[in-house]
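Both of the next two complexes hold chain A, though its partner changes from chain B to chain C.
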Partner chain A sequence: MELFETLAYYFQFPAVRYALIVGVLVALCSSLLGVTLVLKRFSFIGDGLSHVAFGAMAVATLTGGILTQFKPVLDSTNNMIIIMPITIVAAVLLLRTGKNAKVKGDAAIAMISVGALALGYLLMNLSVFPKSSNISGDVCSTLFGSLSILTLTQTEVNICIAVSVVVIAVFILFYNKIFSVTFDEDFARATDSKAGAYNLLIAIIIAVIIVISMNLVGSLLISALIIFPALSAMRVLKSFKAVTICSACLSVFCATLGILVSILFSTPVGSTIVAVDIAAFGVFCLIGAVKGGSKA
Partner chain B sequence: MAQLTCSDLTLGYEGQKILSHLSFSVNKGDYLCILGENGSGKTTLMKTILGLRKPMSGTISVGDGLSRTEIGYLPQQTSIQRDFPASVREIVISGFQSRLGFRPFYNKTEKKMAEQNMELMGISHLKKRCYRELSGGQQQRVLLARALCATQKMLLLDEPVAGLDPKVTEEMYELIARLNRERGITVMMISHDIEAAMQYATHILHIGKEIFFGTRTKYLQYVAEKRKEGKHGII
Partner chain C sequence: MKKALVLLITTLIFAGCGAQTTENKAAQTSKQTINDILAEQQAQTTTAAPKVDYPALDYTAEVDLTVLNSNMVYSTVYAMVTAPQDYLGKTVKASGTFDVYTEPETGKMYYACIIADATACCSQGLEFAWKGDHSYPADYPKVGDVITIGGEFETYQEGQATYCRLKNAELAS
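Then we have the complex of A and B:
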């Protein structure tokens, strides 16, 4: 009873309500493409791209800082204009190179990820921050998303809702094409001249999801949101549709639970959600092993 | 007019030629076997025909009502991910992808045709099963059913019997031959299996240091001549 009263008390604050809405939407969107990414052996693209987004954010802060000199820009909607295109370009480059690249998938992701992180941090330190001396604090919250979800503004929430609706709609409309391209890219490209465009589309959706997710869990934990629900669902289910639906539901459930727990016990939001995801993965592994179906 | 004509193709990787001056054509209803040693460029040729990579020079043209995206493709088994969670039905119907265009979902006709193709391949009872749990032969039938969804005209098969046991291999060859005979589907097959090639193919394309293209009977003469000349290494 006491728990519910505490929750009811917290939900009086718009910030908490916003956090829950955004959290659930982001979890839903990121889980949708998780299956595709895991199967394309791009599990770490979330990590790589989020570091790119972090680097882009540093650039955005730097340019913003120069422009307004003594007003360090923390308005993330402005930053979004810079972050989004850079991340999308990185995603397209990473996914496009595919099998024929000189630098293979995992190495390319590692390179981009570490490079962007280092340069981003370097820029953060160089940038014009006369008032804000708490650089490491800023960096920490960017990486782990500890606070930003509770400081969302109405506009940011609206943007997030709009983007999520678009992402979900695109995913449903292109579901069959995404399946073909994921299952057998050669076959898809051989029989359909537009398969390349679908790959591009996947890359763009991923980039958008990652930039949106940065507000919730921060750069470092985005990968978890993308891969855990998919991996959990794959332990137990056998068809692509079932796996996709299950991972979406699971992701929403874990995000909701994680946010509620983090409010009640004042734990960091991002880490709590991931902890719940890990627990769910454990449960699904057990179920899979009991069913004896998958090779656990 | 030929369905597919390759003229003076040069194939290779990153500036290195592996095959040059390759010319051949395939007519409707032909059964062409592509033979050659490992590394002679068989799979590269197939990928070039499918439009997955560009030839270094030369042209590939289609005719007789065939379009480039109407070629059904059965990839080498290794290129498919074995841990992919997908049901047989989902995979078979994905062969219709190119017919979708801007339509997001498959319609009734396509669903029905997918059922028929599964029936034809004798995998209807497996349609709800997970692809990764099937045996090698069953998996190949699933992919063949998918290729049939993508085409009514031409099938490209990349070592369709690799890794299958003799009995299943025989069934697979019979299935392909039946599609060729009864439905008039043109078959192009990469193979190591010369015996089977001699049994089923109408035409042979042998690639390697020397290129041979012609009917099966001509190929037998050609091989016999080479034997006389003492060039045993040809096959």
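Then we have the complex of A and C:
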């Protein structure tokens, strides 16, 4: 009972309400595309792109820091303007990597992933920032999403709502096309001249989801948000539609539970959500085993 | 240089990550199992970091950070710093450790309450102006002493920057 009273008290704070709204939306969006990514054997692309987003954030912070020294008014420059295009370009490049590419898909992801991470941290430590700046704290928060979701502003929440609505609408509108490109890309290309465009669409949506997810679980943990719900659903269900719906519901449930637990018990938000996702995966594995096992 | 004040007052500061390591006594206790050694180390770590008891301050505040858990404290102080207009004129109560910063160019001193970090990663600080006449260091606590402060939230301008602090603050140490 005391827990509910504490929770009710904490919900009076705007930051907690913002966290829950953004958490649910991000979890929903990421799980929708998670099924597609897992089936296309692109589970790790989320990880690579999140590192690119981290590098892009460092560029945005650096750019903002330099510009602010000349024009203080530019202090309010929104980092999203820089992060989003860079991540989208990286997503397009990674997803368009063909079989004849000199650097194969997994190597390209690994290369971009670690490269962006290293350059991002390097840029964050450049001398443009005051020595008192909390670089380590910022990096820690960005990588692990320790508490960044509890520091959202009204504007950031509005942006997240708008982006989420667009992502969900696009997914519903192009559901059949995404389905066909996911299961047999070669067949889709042979029968539909726009298959390449749908792949591009998937790449853009993934990049957008990655960028908005950074606030929830941090760069290093985004993959968990994308993969775990999809894999859990695949343990017990077989059809694409059922897995997608189950994955979305499970992801929202885990994100909500994780946020509430972290608020109540002062645990890092991102890792708590991922821990709940892992627990849910274990439960679904058990259910799958009891049912006779479904192979993802 | 004034920006350096951010260290103490309005932004996050780095406090270092990672738990304190304990001395490995495995070599001396060859008959102990791994579990015994881990249990012993855990007990040592626990006793090395006792829970801090903050001094009580009879001060009724509209924003009482002392009753919030560390996540909520972090979130609320961040909101106070990034959207100070929402907290102007409100009374705030907080517990933490005392710290002081001297501006090298002007010699002016700034006093702050460094609030316990939320995730063993970052700490936050609130500047305060103690009510009444007090001289440093005679009247003030030592740097690092645990304190509880309560005061009215305000912003003030120095140079081109805007800073936050608690004015007319009361202090218990």
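Keep in mind that, in the parts below, the second predicted complex is superposed on the first by the 280 of 296 C-alpha atoms of A that agree within 3 Å, B and C clash if a C-alpha of one lies under 4 Å from a C-alpha of the other, contacts with A are read in each partner's own complex, and residues count from 1 in each chain.
Going forward, a contact is a pair of C-beta atoms (placed from the backbone, for glycine too) under 8 Å apart; a residue touches a chain by one contact, two chains touch by 3 or more.
Everything quoted here is computed from the prediction, not taken from an experiment.
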| query | Since both structures carry chain A, what do chain B and chain C do when superposed there: clash or fit? | reply | fit
| message | With both complexes superposed on chain A, which partner does A:Ser239 reach: first (chain B), second (chain C), both or neither? | response | first
| In the superposed arrangement, which partner chain does A:Phe183 touch: chain B (first), chain C (second), both, or neither? | first
| request: Pick one for A:Thr191: touches chain B only (first), chain C only (second), both, or neither. | output: first
| remark: Check: chain B-chain A-chain C angle from CA centres, nearest 10 degrees, reads 170
| query | When the two structures are overlaid on chain A, which partner does A:Phe174 contact: first (chain B), second (chain C), both, or neither? | reply | first
| Is A:Leu39 touching the first partner chain B, the second partner chain C, both, or neither of them? | first
| Between chain B and chain C, what minimal C-alpha to C-alpha distance in angstrom results from the superposition? | 40
| message | Just to be sure I follow: which residues of chain A are touched by chain B in one complex and then by chain C in the other one? | response | none
| query | If you look only at chain A, which of its residues touch chain B in the complex? | reply | 35, 39, 172-177, 179-180, 182-184, 186-193, 195, 234, 237-243, 293, 295
| query | Which residues, counting only chain A, touch chain C once they are in their complex? | reply | 10, 13-16, 72, 130-138, 140-141, 146-147, 150-151, 153, 262-269
| Touching chain A in the complex: which residues of chain B? | 47, 50-52, 68-73, 75, 79-81, 83-87, 90-91, 94-95, 97-98, 100, 104-106, 128-130, 133, 146, 150-151
| task | Flag every residue of chain C that touches chain A in the complex, lowest number first. | result | 3-7, 11-14, 17, 69-72, 74-76, 78-79, 82-83, 118-119, 121-122, 160
